[in-house]
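Before anything else, here is the set of structures, which you'll find just below.
Look for chain A in each of the two complexes below; its partner is chain B in the first and chain C in the second.
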Partner chain A sequence: MAANPMSQFEVYSIGPKIQIGSFDLSFTNSSLFMVLTVIVISLFFIVATQKKSLVPNKMQLIAEMAFEFVSKMISETAGKDARPYFPFILSLFLFVLVANLLGMLPYSFTVTSHIIVTFALAFFIFIGVTVVGFAKHGISYLKLFVPSGVPIFLLPLIIVIEVISYLSRPVSLSVRLFANMMAGHTMLKVFGGFVVSLGILGGWLPLGLTGLELLVAFIQAYVFAILTCIYLNDALNLHH
Partner chain B sequence: MEVEAAKMIGAGIACIALAGAGLGIGNIFGSYLSAAMRNPSAAQKQFPNLLLGFALAEATGLFGLVVALIILFAF
Partner chain C sequence: MKDIKELDSKIKDLSKKTRKVESESSSNSSLGMAMKLSSEMVAAVFVASLIGYYLDKWLETEPFFLIFLFFLGAVTGILNVVRTSKMINKE
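Take a look at the complex of A and B:
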């Protein structure tokens, strides 16, 4: 393993090289971990709901907890109208969470530490929320950019600011997740290199940092999902 | 000035963003604690908001890191 803390983010192709036009569509370690993430989630839910009972066993309890956690999150932030989007938010949350957690395993690859992955997720959320907003409110969805109670002479400035802040949503949503993951894993690697020189007492520091990273992995998945809910709330319940 | 040296200085300056992130995170946790001490029964309900605010504030500092990385590697 190279000493460079950035080498862990390297994407390399596994198996045969597939090239269509100018696009390299080879199966990479990034795709492998994405497939692995989906397999882990599916397997877990299939096994957990195998023997459904009124008094749940441990695995069914965890599955129900994840289900209820997302359900509560949606109803608290986006209201009743967001109910149909529950499967999407649940799969989004689980995908980001499990991808983050799989990345915490030693020598594995963190899918979410690449901006193209998180940007693709965030961009589709952005497009979807905009489409939902226009489908529900028609052209009056543009009222989102005109906050009520603003003096008329301030409106030209406010509208520009609101439009820019709306358009920067996918960027901030994706950069937040990607930067957190990348910074965390770089930090772990750098501190991991200090273990011997920190001595017997200080050498335990990376263990604490690993705990912190596990927390961050969960928090970032939570924030990604809850911000999606908040954007959805803006699109569904247009009130000012 | 050489471009390489200017890049290093720029990347270092981009880390000033950490000051803002530190202020923000400290402010959020401080405010949460002082509010939770006043009204402990309402504290648990605001815990998700605490996490949300923490993540939002932390991200601004990491944007500085991204700027530093762009300066170092993308140009």
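Take a look at the complex of A and C:
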């Protein structure tokens, strides 16, 4: 096992090198774990919803809980109009959650610890929400940048501030997820290196960090999904 | 009759338990919201400075826009934090 705590984040290609133009499109360990995440989610839901009994067994219960959790989150933060986006939010939440949790397994790779992955997700959400906003409200969606009750001579400054605030959304969304995952995994690795020198009794202490990291994995997936809901709410219900 | 009463007390116990879980999950989300605040502020400064840098490159006014937008970004970051904490308070 490599002693360097950062070596777990290395991306290397698996299989043949595929080069199209100046892009390296080889299949990497990162892509492998993204595929694995999707497979795990799909398999779980296929198996869990096979029986559809009135009194659910454990797997069906977990599937229903995930379903209800996201459904409640959407209705609480984004309201009724956001119902059509339920499948998107559910898949987003599950993808981030399962990618985080798969990363907790020893020797695995955490997809969400790379900013390019989280930024791609966040940027896609940003574009999607903007398109939804313009589709629903037309050009009056730009009113989002003009809060009511502002003196006219302050307006140019306020509009610039609002635009910056809007543009900073995908950055803050992606940086938060990536920073939490990377910092957490680096910390786990560093403390993991202390296990042997701490002895039989003290060596169990870093195990607490694993629990904390599991909590962070869940919270970050939750925050990612709930912020998407909040942005969607801003786009659907203009109330500035 | 006795069975029904037993069942009733069981249901009450279970509903108490679920309520406990709910309050726990709300404290979890507030921890998540606390994490939200810090990145919100940094992101605004970062984005604004980036816009300033490229505006400068384009208009050849270095370093006016970079400095101006850096401070505007800091203002935006604080505004974002205030808004987010207002939202948390409302909940």
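One rule holds for everything that comes next: the second predicted complex is superposed on the first by the 237 of 240 C-alpha atoms of A that agree within 3 Å, B and C clash if a C-alpha of one lies under 4 Å from a C-alpha of the other, contacts with A are read in each partner's own complex, and residues count from 1 in each chain.
Heads up, the rule we're going with is that contacts are C-beta pairs under 8 Å (C-beta built on N, C-alpha and C of every residue); 3 or more make two chains touch, one makes a residue touch a chain.
Computed from a prediction, not measured in an experiment: that's the story for all the values here.
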Open item on the list: With both structures fitted on chain A, tell me whether chain B or chain C touches more of chain A's residues.
Closed with: C
- [ ] Identify the partner contact of A:Ser172: answer first if only chain B is touched, second if only chain C is, both if each is, neither if none is.
- [x] both
TODO: Check the residue A:Gln220 against both partner chains and state whether it touches chain B (first), chain C (second), both, or neither.
DONE: both
Open item on the list: A:Ala183 in the overlay: touching chain B, chain C, both, or neither? Say first, second, both or neither.
Closed with: first
TODO: State whether A:Thr37 touches chain B only (first), chain C only (second), both chains, or neither.
DONE: neither
TODO: Please work out whether A:Ile164 is in contact with chain B alone, chain C alone, both, or neither, and reply first, second, both or neither.
DONE: second
Open item on the list: Shared contact residues on chain A, chain B side and chain C side combined as an intersection?
Closed with: 172, 175-176, 179-180, 219-220, 222-223, 226
Open item on the list: For the complex, give me every residue of chain C touching chain A.
Closed with: 28-29, 31-33, 35-36, 39-40, 42-44, 46-48, 51, 69, 72-73, 75-77, 79-80
TODO: Enumerate the contact residues on chain B facing chain A in the complex.
DONE: 48, 51-52, 54-56, 58-59, 62-63, 65-66
Open item on the list: For the complex, give me every residue of chain A touching chain C.
Closed with: 157, 160-161, 164-165, 167-169, 171-172, 175-176, 179-180, 215, 218-220, 222-223, 226-227
TODO: In the complex, go through chain A and note every residue touching chain B.
DONE: 73, 76, 172, 175-176, 179-180, 183, 219-220, 222-223, 226
